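Next come two complexes built around chain A: one with chain B, the other with chain C.
And now, the complex of A and B:
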């Protein structure tokens, strides 16, 4: 990750596809694991852990959307609705049948995958903006259904409270404990996606994205792989929804409205379509940057303004700066933060002989 | 390994000591921290951009008079954009900064934080947001709606209709509502009252975003022809409903709107006060500028050589911000007094909140009484009607069908 070679020495496909191209990459991973598992939870204040928790959940959702949009090239604006499917499935199972999270979480994911595959059916006939509208319809239908079917929503308030997740009598109730809970699933999602995209399925996805007719001619079953992409992506979304449910202690469809789908699309576009690291960068960027800008403005602004005046200025200015930064990064590198990172790395790979 | 763990524990302990030391220095300067969430940039920005300055101005007023019981108030306002994850981040930030009370903003945000407030023992207020069942202090010990819930509001609306029509027996009432959980919440009360009072009820749902309701209004005015309309709409839709009802010739004096369709901004967006003549609005805080507390805020600005902010002209939302801040300050004042001047904790402020009684700010705040079981304070509202280009008070603080609401609360509590 942070290492560099002095040139390109790979001679086999296997070497090129390896997760750890050099021994040092493995050491970097171990160092990162120690940092996230041992150092951060012990050293960092709970407040920062809570931000990391939000980032972990966002990473799971962004990875799922990237599998669909980035790797398979199918646009979806129904991601938020798939999250709510996972959330309500898990909440109903947890409350009505008193099931633990290690059953409700995969169940929520699977239910979302099922619904996602159904919503993905139009992708077999339409592409691009048309598909975007079809998935938008999916989002609205799911929202409406949850709002109007008390059997799913649990009454007029359409919200179901769930207890904190627990394992062998250990309850994940504080931010510090939830940190480990969410870190585990974020890491699992990252590893799963890394391996998915270098498998036969991942290559088929990329072939469909690049030119679906050509993919069909070389023997890829479009019907199978497009729906599989929707199902896998929705599975991630469902799990993301379940994580939100356990994190907030409530399933509420108003948390998963259209704007959430747009936010996740923004994450993967800023981070980089078709890359795992890009999804992570995007999730971090969209979650962390508004907070960082606000804290910076509070510190600087309080030198000049009273707290009331500061509050009047900050929220509008913060949005403007955030929007400005998105535009700036996308102009510097239209392919997202991941490409920016790779450019920096390849520059240093041959540095100082940049020719 | 043990040595390794120990060394990290050491690092953690050092950090904790430093953090605690910092907090200690903080307390010495006699400063108390309030958290306040707001939405100035999201879908409800029309409310937030007016309401939140009201909150800030009242706190500034208290600070200019020496603070609350000698403590200066520091407000950390965080714009959650009506999104849930930022609301959680805001709550954790308040906890880190040692806030003793938190103002919540938004219904899904309140729902997501209910549990967290209880776990962290931080009282949070949600006037006009959240679920009606949060009025039950036993079930939601740290959530304080402090204003009439949708159940109480609709109870009061029916009471008002009864007063206007003389009797409800055999009358027809239309309920025009925004098709979301908040809009559907009062249905239980309405159906209950329809049975006991003998009126006929028909409901008309308006789907989000509520900008198109021609069909529903035509159905109301052309086919159903009700004796009264109770409207429960949000955002831009109240102004659309006023325009549509007026356009179809329905008398606006036979319409009463719940609290989120009741601001000057809605009336102006409908085409001005003249168009909305006769429209009845429900309020949980005083309306207009004729209160000592607002005069004090104006005087504070004049003393600084500034003009009072233009947000003050939008009195409904501005006053709700002032109302929210006043309740926060009063709860903290009670808590500090109970501790003999010492710095209160969240638990103390919860008790302070539950002992608020007879605090009216010259008619600005309803005569509510909060208690350990009733976090709503009784569900008081006023009715203000548009007359001659401005809002005029036609019914002072009252409660509607309190026993019915209490019965519903008890039924809801036994269900869970």
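And now, the complex of A and C:
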């Protein structure tokens, strides 16, 4: 991640696809692991840990959406709804059957994967804008169903209280403890995605994205892989929804409305489509942005705005800045923050000699 | 006439008038898609923006309604031109997903900044047409629905004429059909792209006036835009007549669902039925009733 090579000396495909191109990459990973597991939870204040926790959850969701949009080239405006499917599945299982998180979490993911694959079925016939509209319909229908079926949503407020996750009698109830819980799943999701995209499946996804008819001709079953992309992506989304549920201690459909789908799309566009590191950048950026806007507006805006107006302005401004950034990155840097990072790295690769 | 039949007829009539109002908004979407192949996910936000501008214009003392409408039409035309220049033109030739995302971003900007600039309370937009329901056979419709339906029909006739007969309309059809050939024939393609967005602006301006008068103007008004998708998918994305028929179907289906299904499931089928219909349509005939079937060549 941080190392720089003096040139390209790879002679095999295996070397080209290796996760650690140089031994030093392994050392940086170990250093990062030490930083995140040992140093940060001890040094960092609880408030900042809670932000990190939100980032970890967002990373899981962004990775999933990027598998679908960035790697397979299908579009989904329904990821918020897939998250809610995962969240309500887990919440129902946890409350009604008293199941632990290591059952409810995969169950939520699988349920979301199932629903996601169903919503993805139209992708076999239609693509591009039609698919966008179909997934939008999926989002609205799922939202409506959860809101109107008390058996799923658990009553009038359409929200279910869930206990904090616990393992072997150890309850993850504070931000500091939830930190480890969420870090584990974020790292798991990152490693899984890194390996997914360099496997046969990942390469098939990229082939479908680049030219699906050509992919079909070289023997890739598009039917299979498009549905698989939807299922995998929704699985991530479902897990992300479950994590939100455990993090907030409540499953509520208002956390998973259309706007959330757009937030996640913003993450992967800003971060970089078709890149794992980009998903992480995007998740960090989009999670930190509203906080930065809030801090900025509370300092500057409170000079000429009342408290009530301020809340209104902050939420509106947040949305507008997201929209502006999506358009900005689409026009100026379609490959997102990941591209900027790569540019910086390749600049330093030959530094201080620019040629 | 039996009571049952009368109920049905009144539902159909009220659905049809709402449906025509939907198709007015859908028209803005179709105009842009027809000419530029761009999908406008911000159509509902256009309508909201227009509604906000009208309300603000009318809030000045002694502002006649007709001037306010002229202001909003002019503003939306300017907005359409500016939008095409700043956002859409740099994205020419990029994948369709990029344009979709850009309009989603645009929608977020309008929805975010609207309440910041104009305040978030619901503002009433009252037109001088009275509140007395107009009786039409078995149905009694609020006058604003009738007005909306009339505006929609007028626009359809006007745009049908425009595309069939006028020089600009023919040029626009040529651009829609094949951009390169149109350019070779001496048509300024970029100008027609801008024109299409400006026309969407005009339609949205009127849509904002009638919808704003019906629902009141605030951020929620932009949700009307979500109904555009069932309308255009049913009718066909690039068909003006399709927008009309699709709007009628969606309006009537909504009204029937609300009338017959709501008592059983506890309300809200209105917001649900059109999307189910749309998913079915996407499965069976994705290009819609009147849409042009696209054949993909490699």
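Observations on the structure shown:
Throughout what follows, the second predicted complex is superposed on the first by the 312 of 355 C-alpha atoms of A that agree within 3 Å, B and C clash if a C-alpha of one lies under 4 Å from a C-alpha of the other, contacts with A are read in each partner's own complex, and residues count from 1 in each chain.
Note that in this section a contact is a pair of C-beta atoms (placed from the backbone, for glycine too) under 8 Å apart; a residue touches a chain by one contact, two chains touch by 3 or more.
Predicted model, so just to flag it, every value in this text is computed and none were measured.
By the touch criterion stated above, A:330 is placed in contact with chain C alone, chain B being left untouched. Of the two partner chains, chain B is the only one that A:250 touches; chain C does not reach it.
Contacts of A:161 after superposition on the shared chain: chain B is touched, whereas chain C is not. When the two complexes are overlaid on their common chain A, residue A:316 makes contact with chain B and with chain C alike.
Once the two complexes are laid over each other on the shared chain, residue contacts for A:23 go to neither chain B nor chain C. By the document's definition of touching, neither partner reaches A:219: not chain B, not chain C.
In the superposition on chain A, A:352 makes contact with neither chain B nor chain C. Of the two partner chains placed by the overlay, only chain B lies in contact with A:175; chain C stays clear of it. Overlap of the chain B and chain C contact sets on chain A: residues 147, 312, 315-316, 318-319.
Across the complex, chain A meets chain B through its residues 38-39, 42-43, 45-47, 50-51, 54, 57-58, 147, 156-159, 161, 173-175, 244, 247-250, 252, 254-255, 259-260, 287, 290-291, 294, 298, 306-308, 311-312, 314-316, 318-319. For chain B in complex with chain A, the touching residues are 8-9, 11-12, 15, 19, 38, 40-41, 52-53, 56-57, 59-60, 74-79, 83-86, 88-89, 92-93, 95-96, 107-108, 111-116, 119, 131, 133, 179-181, 184-185, 187-188, 416.
Across the complex, chain A meets chain C through its residues 69, 73, 75, 77, 121-122, 125-126, 128-130, 132-134, 136-138, 140-141, 144, 147-148, 211, 213-214, 262, 265-266, 269, 312-313, 315-327, 330-331, 334. Against chain A, in their complex, chain C makes its touches with residues 39, 41, 87, 90-91, 94-98, 100-102, 104-116, 120, 226, 229-230, 233, 237, 265-266, 268, 271-272, 275-276, 278-279, 282-283, 286, 296, 298.
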